[in-house]
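Consider the two complexes below, in which chain A is the common component and chain B and chain C are the respective partners.
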Partner chain A sequence: MEEVSFQMFAELFFHTLGFWWIIIPAMLLGLIVGAIPGFSAANTIIILLPLTFAMEVEQGVVFMVALYASSRMGAGIPAILVNIPGTAGAAATPLDGYPMARAGLGQQALAMSFVASTAGGLLTTIIALIAMPWLAQVAFFMHSVEMIVVMLFGISLIATIAAKNTLKGLIAGLFGLMIGAVGTDFVYETPRATFGFLELYDGIPLVPALVGLFAISEAFLVIEGESILTRRGKELMDNPSWKASIEGIRMSVKRWWHITWCSLIGLVIGVIPGAGASIASFVAYQQSRSYSKTPELYGTGHPEGLIAPEAANNGVTSGTLVPLMVIGLPGGATAAIMLVVLQFHGVNFGPQLFGERPEIGFGIFMAMAVTYLLMIFTILPLSRYMTKVTIVSTAFMAPVIISFTLVGSFVPREFGFDMALALGFGVLGYIARRTNYHVAAILIGIILGPLLEQFFLRAIRMANGDLTVLFSSRIGNGLWIALVVTIALPYVLDHLRARRRRRETA
Partner chain B sequence: MTLFDKPFDRRTLLQGSATILGAAAASSVPFAGAFGAGFPDGDISVTVPTRAGGGADRNLRAFTGIWKKYLDATFKPDFKPGASGRVGYEFFMGKKEANGQNLLFGNMGPEFLNWVVKPPTFDLADLTYFARVDTDPGAIFVRADSPFKTIDDVVAEGKKRTLNVSTSRLAHPASVGLLALGEHTGAQFNLIPLSGGKNTIAGVVTGEMDLGTLTSGSVAAKGAALRTLLVFNDENVAGDRLNNAPTMNQKYGTSLPPLLSSRAFGIQTSVIKDHPDRFKILNDTIKQVFADPEYKEAVIKAKGIWEYINYGDMDDTAKYLKGIEEVGSKFKPLLTGKPA
Partner chain C sequence: MQDDTEASQPRKRALGAELVIPVAALAFTIYYFYTILEAPWTAQASAFFIGTILIILSLVFIGLTFRWVAKGEGDWSFHTLFEPHEYVKLRLALFALTVGYIAVISFLGFTITTFLFLVLAMLLLNRGRRAKLCLSLSAILSVGGYLLFVVAFDTNFPEGPFEILMNGIL
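Then we have the complex of A and B:
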């Protein structure tokens, strides 16, 4: 086995950089498919499998990894500019990204999202490269009980949202959880609330729910005005300049620590098989808000509310590759497709891979690092020019959003039913917005509810129905305490700040 | 008046969207009529009732990679996972045209057990598995550093406490094998369905489960990370790739039928009657694949076990399904959680 050293990594870096002719097209393709609702790295790699099978194994790996990493960043673009989170991993991005875009700060928002994505992705890839054997151990300690608590971190966002209007927030969250329960149960496969629709047996498909609740309902709303921009936003967008993008970069660099710890949340969650970007982005958002000095600004266009999910979902990208390479278990759907390609090329996974074929074992992470490095050069031009989308009249914007999202709803499963479902969710989202119910609370229930149920049923079945199993592990108990602390902390901080203000005014 | 200041309401919006979608749909029509008159008439669509990236995906790609040489067609896998395969089967039988261009690639064992547990909406006689690709016996496995070195260790521990066992799904031949082992030895097992082979293996490798039960081909593909302790077949034909584990019948003197997963191509039964010429082409070219040395290379390269590749015709699959039906009926109460 070649000795692991700085020199080896340096050689591997320049070797990987030599694949720029694969990385750059794959990166551009990833940005495009990431930005189209319904498309994702996973289904694009599936479509292009014949190509990757035909390539040399190393070239195929570089191609897939570049596409995977850049698609995550691409998914943030429509989420911020037109409120379309095309994948579940970008579901938390519009919460603060879209209000920024409406306020004419789209350039800053995109720049922040891109910096958080590239810096978070690059940082976690380097950490994964160095600390792979230890990181892989996370999967050995995060079992069903621990995952229940991780899910509750994300679901507790419903309570946070409900803080503004307790009854409506909780109703929306519970409604989302109920919708999330549609489909067959995880043990005996008994259909629940499917109303005979075959298309609902596998649960509510996420993309139609996402685009319906966010994008289509938004399209119904924005046609009531001429532009998605506020009056102030229009004024700002009348004089676009590079300065706004540079300001966005500056704002994110100033929040480097925020990017760091949110991307680390993503990395750790990404390592756990069965978890994923949607969980990571909601947990990071919830954590970011809990420890913020200005939690009340979240949801109104808070920079940290945008940075948190974007840094986290890019942290997941490198995380999902760790268990794949070290123990042969893919951490997510895209990693599973990569497994097929690598197995087709006869690659053996596990510790021996790093000795036998370091250009694959370490190379997969180096390809990701190089991709993130090259993506840095796209930040300025993309944020400068993509933002122009927001000045398009709603007369064009709304039908295009609806058409794109309907096609996007169809793509993942190729069921016409999903297009109707997206429209249904669009109407639901429109009614919810008109009556001041928070669509994000509904969505959190839909995305995280089934995952929570799955881990809960597994834990309970393993313990033969004994509920005390929920408090049976040290790590789980530590997470329970952390959960209570993070939920209580904002209230405690609010109380302390109010007391301080009273003292100062007295 | 420009488009930008034209009055715009919700009705116009929906009309606009419908126009765009209509135009997109219409643009695909000329392609549909452009195919030739022969068979196959364009792509062959293969409905796969599991997710992309799993064992069925791997097997299908290895097979169709060779089959396309003989059939002169491109194969388009159409993954329709959900509800233990129910979505894919119902979709195939309900929505795919019966013309020989649409096939199903299923895992007969677990998926037919599913029908024993809960019948489908279509008549099972309307679906025919016409070409078996492999027979992959179930196995019991642990992770490489598990304290259980042999099946005796498992049984001994299972008599002291209930062991948690990961399985792909309850209605699976490997799950039935485990239940049979428990019934024969008195060891207590608690089956935990984890939705798919990858999760089943992950449950064991990460240490959450005591052991797992799955198709042995998937276990062998993980190499040294797992150790196989028992195989549900008449003979362990994979030998050291499954750690030379004994079979249940060898170990305990039982007469358990082979509990096999078996991937096979299915077709609407009406195609056999209505398009016998097409059906013959499909059958003849499939047989050519098995005789092609490149297929063996592809299977081995994809970490498959060549000894499991085992062509079977309609009679073979019908016989196999009868066996699965009998085994499934026997263990139905345990698989459904509803006592008889």
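Then we have the complex of A and C:
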């Protein structure tokens, strides 16, 4: 591997900065596509493949990376302002972001989300750049058994997220897992619970589920008010100023440690192929709540509940590129598309890449770092003016949400069926919201269902049906212990806090 | 006086509505099991494991519901799903328009269907007022959407007469 030095990084930084004319348009495009459900960075890179194939390899890399990184930040914008995550990775963002927007603190919430995204993304990119050889080892140690425990971490969050009623949270999450297991099985391709629809043989498509559970159900609910804002929120929005954005920045800078460790959670989970931003953001959210002094405020507009998922899902961005560059194993969908483009340009992955073509090997991370640096300049204007969305009358907003998100659910597979499916999920989401079942819990289940089944089957088949394989690895067992501690810790901390309160009042 | 007392009392939980999700989960799981009864074990293992837990939890919730009703904490009503009552008709009409949008879009294409849906839905939600604004906004959004997504991003949206005509022109 190339001798790593400060001078080399400095030269690479200024070299990459020279591509600002590619980074800025790609960044703006990424912010837009990230904010629209159904238009992920992966889809957009696929659409623009002819463009990236035609570019010089370095230019293509910079373009894809800038688009990828900014789309993560863009996905948080509708999640906060209208309760519709742009991608599944931002599904935990509205839990505290939307209540803030409703209370007229949308500007503050956006500023916090942007700071968490840029700072978290920048920090993890720098760490990935320096610690790449060691981070790549994580992917080598994560086999099926370890992945099952990581998935179970995700599932344990279901009950925690819906902590006001754990039973309802578990029912919603397990219902999601069952829905996520619709389609053919991974070995013999036996169709399961497809209601005879060929369109469901590949499983439940994620975008219609996301659109239905969040966007459509929200649109049918918001029509009850003139706008999504509460009375206090309206008063605050009547007097907009830069102060709210600056306050949001100040609040997030004050929580720099929170941003740091949540983005590190994202980085480590991102390195694990298949885990992804959705799991990372929920794991970070749950960890943040577990160690919070005010866990009862999570879900009501808690600043740390917003910072945690945004820092984590941006930490994932650099994490997914680590196994791609070091062992040629993409950590996610967008990384997989980048692999195709880079292979088209004749780039060979592996340790030799960093010696032979450091401008690509290290350059991909430097491009991400430069993108995050440039994104800092968008924080103030974006948070100041995008908040205006919240004052739009729901009589205009609801039809726009319904029509554009339904068409968004059509885009990935181009099946009219997917729009009807999104409406079906919309009805489910509406009932769930009205009866206090968490739609995010159903969504986590749908995301994790097929993944869990895949790893479960792989582990069992390799062990010839022996279930004790689940406890056969040292790392796996360590993760099992960590899982139990994670589930038990909130109860222990609650107990300790109650005891301290009793002692203080006595 | 009696009315005042009733109004000040907290409303009972609409447990009929709260049962919709567990009952749906139960029905879906049973249907799922039915489809995998004769499937190889690889198709069954994970589903039986998760499904069994889901059935147990749903039955626990149903059992608890009977207890809550017996204790007077709730009733079998569905009122939370339909409140506030003055919005029921509006919501149903919007739902019907959405069903129409999905049904028609494959024939009329994105631009025309979106325009029609936006005009009708905006007029509906504005209760017939601000017609000019509804019309102009719908036109701008549907044509703007076409230009942004189809022309600029080259996205494959459902095609209809407008898109076919524009393909010929552009």
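As a convention for this text, the second predicted complex is superposed on the first by the 498 of 506 C-alpha atoms of A that agree within 3 Å, B and C clash if a C-alpha of one lies under 4 Å from a C-alpha of the other, contacts with A are read in each partner's own complex, and residues count from 1 in each chain.
Criterion: a contact is a pair of C-beta atoms (placed from the backbone, for glycine too) under 8 Å apart; a residue touches a chain by one contact, two chains touch by 3 or more.
Quantities reported herein were computed from a predicted structural model and do not represent experimental measurements.
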Chain B versus chain C as contact partner of A:Tyr437, first or second or both or neither: second
Partner chain(s) touched by A:Thr394 [first = chain B, second = chain C, both, neither]: both
Touching partner for A:Phe344 - first (chain B), second (chain C), both, neither: first
First, second, both or neither for A:Leu198, with chain B first and chain C second: first
Contacts of A:Val407 with chain B and chain C, given as first, second, both or neither: both
Touching partner for A:Tyr285 - first (chain B), second (chain C), both, neither: neither
First, second, both or neither for A:Trp480, with chain B first and chain C second: neither
Partner chain in contact with A:Tyr372 - chain B first, chain C second, else both or neither: neither
First (chain B), second (chain C), both or neither touched by A:Leu452: second
Those residues of chain A which chain B touches in one complex and chain C touches in the other: 186-188, 191, 220, 223, 394-396, 398-400, 402-403, 406-407, 414, 461
Interfacial residue positions of chain A with respect to chain C in the complex: 33, 39, 44, 47, 167-168, 170-172, 174-175, 177-179, 181-182, 185-188, 190-194, 216, 220, 223-224, 394-396, 398-400, 402-404, 406-407, 410-411, 414, 416, 419-420, 423, 428, 431-432, 434-437, 449, 452-453, 456-457, 460-461
List of chain B residues in touch with chain A within their complex: 3-4, 6, 8-10, 13-14, 16-17, 20-21, 24, 51-54, 57-58, 61, 65, 78-84, 86-87, 90-91, 94, 114, 118, 162, 164, 169-171, 190, 192-195, 198-199, 201-202, 205-208, 221-225, 301-303, 336-337
Residue ranges of chain A touching chain B (in the complex, touch as defined): 42, 46, 49, 53, 139-140, 142-144, 183-184, 186-189, 191, 198-199, 201-203, 219-220, 223, 273-274, 323, 327-330, 333, 336-337, 339-340, 343-346, 348-350, 393-396, 398-400, 402-403, 406-407, 413-414, 458, 461-462, 464
For the chain C and chain A complex, residues of the former touching the latter: 14, 17-18, 20-22, 24-25, 28-29, 31-32, 35-36, 39-40, 42-43, 45-47, 50-51, 53-54, 57-58, 60-61, 64, 80-81, 84, 87, 90-91, 94-95, 98-99, 101-102, 105-106, 110, 114, 117-118, 121-122, 125-126, 134, 137, 141, 145, 149, 153-158
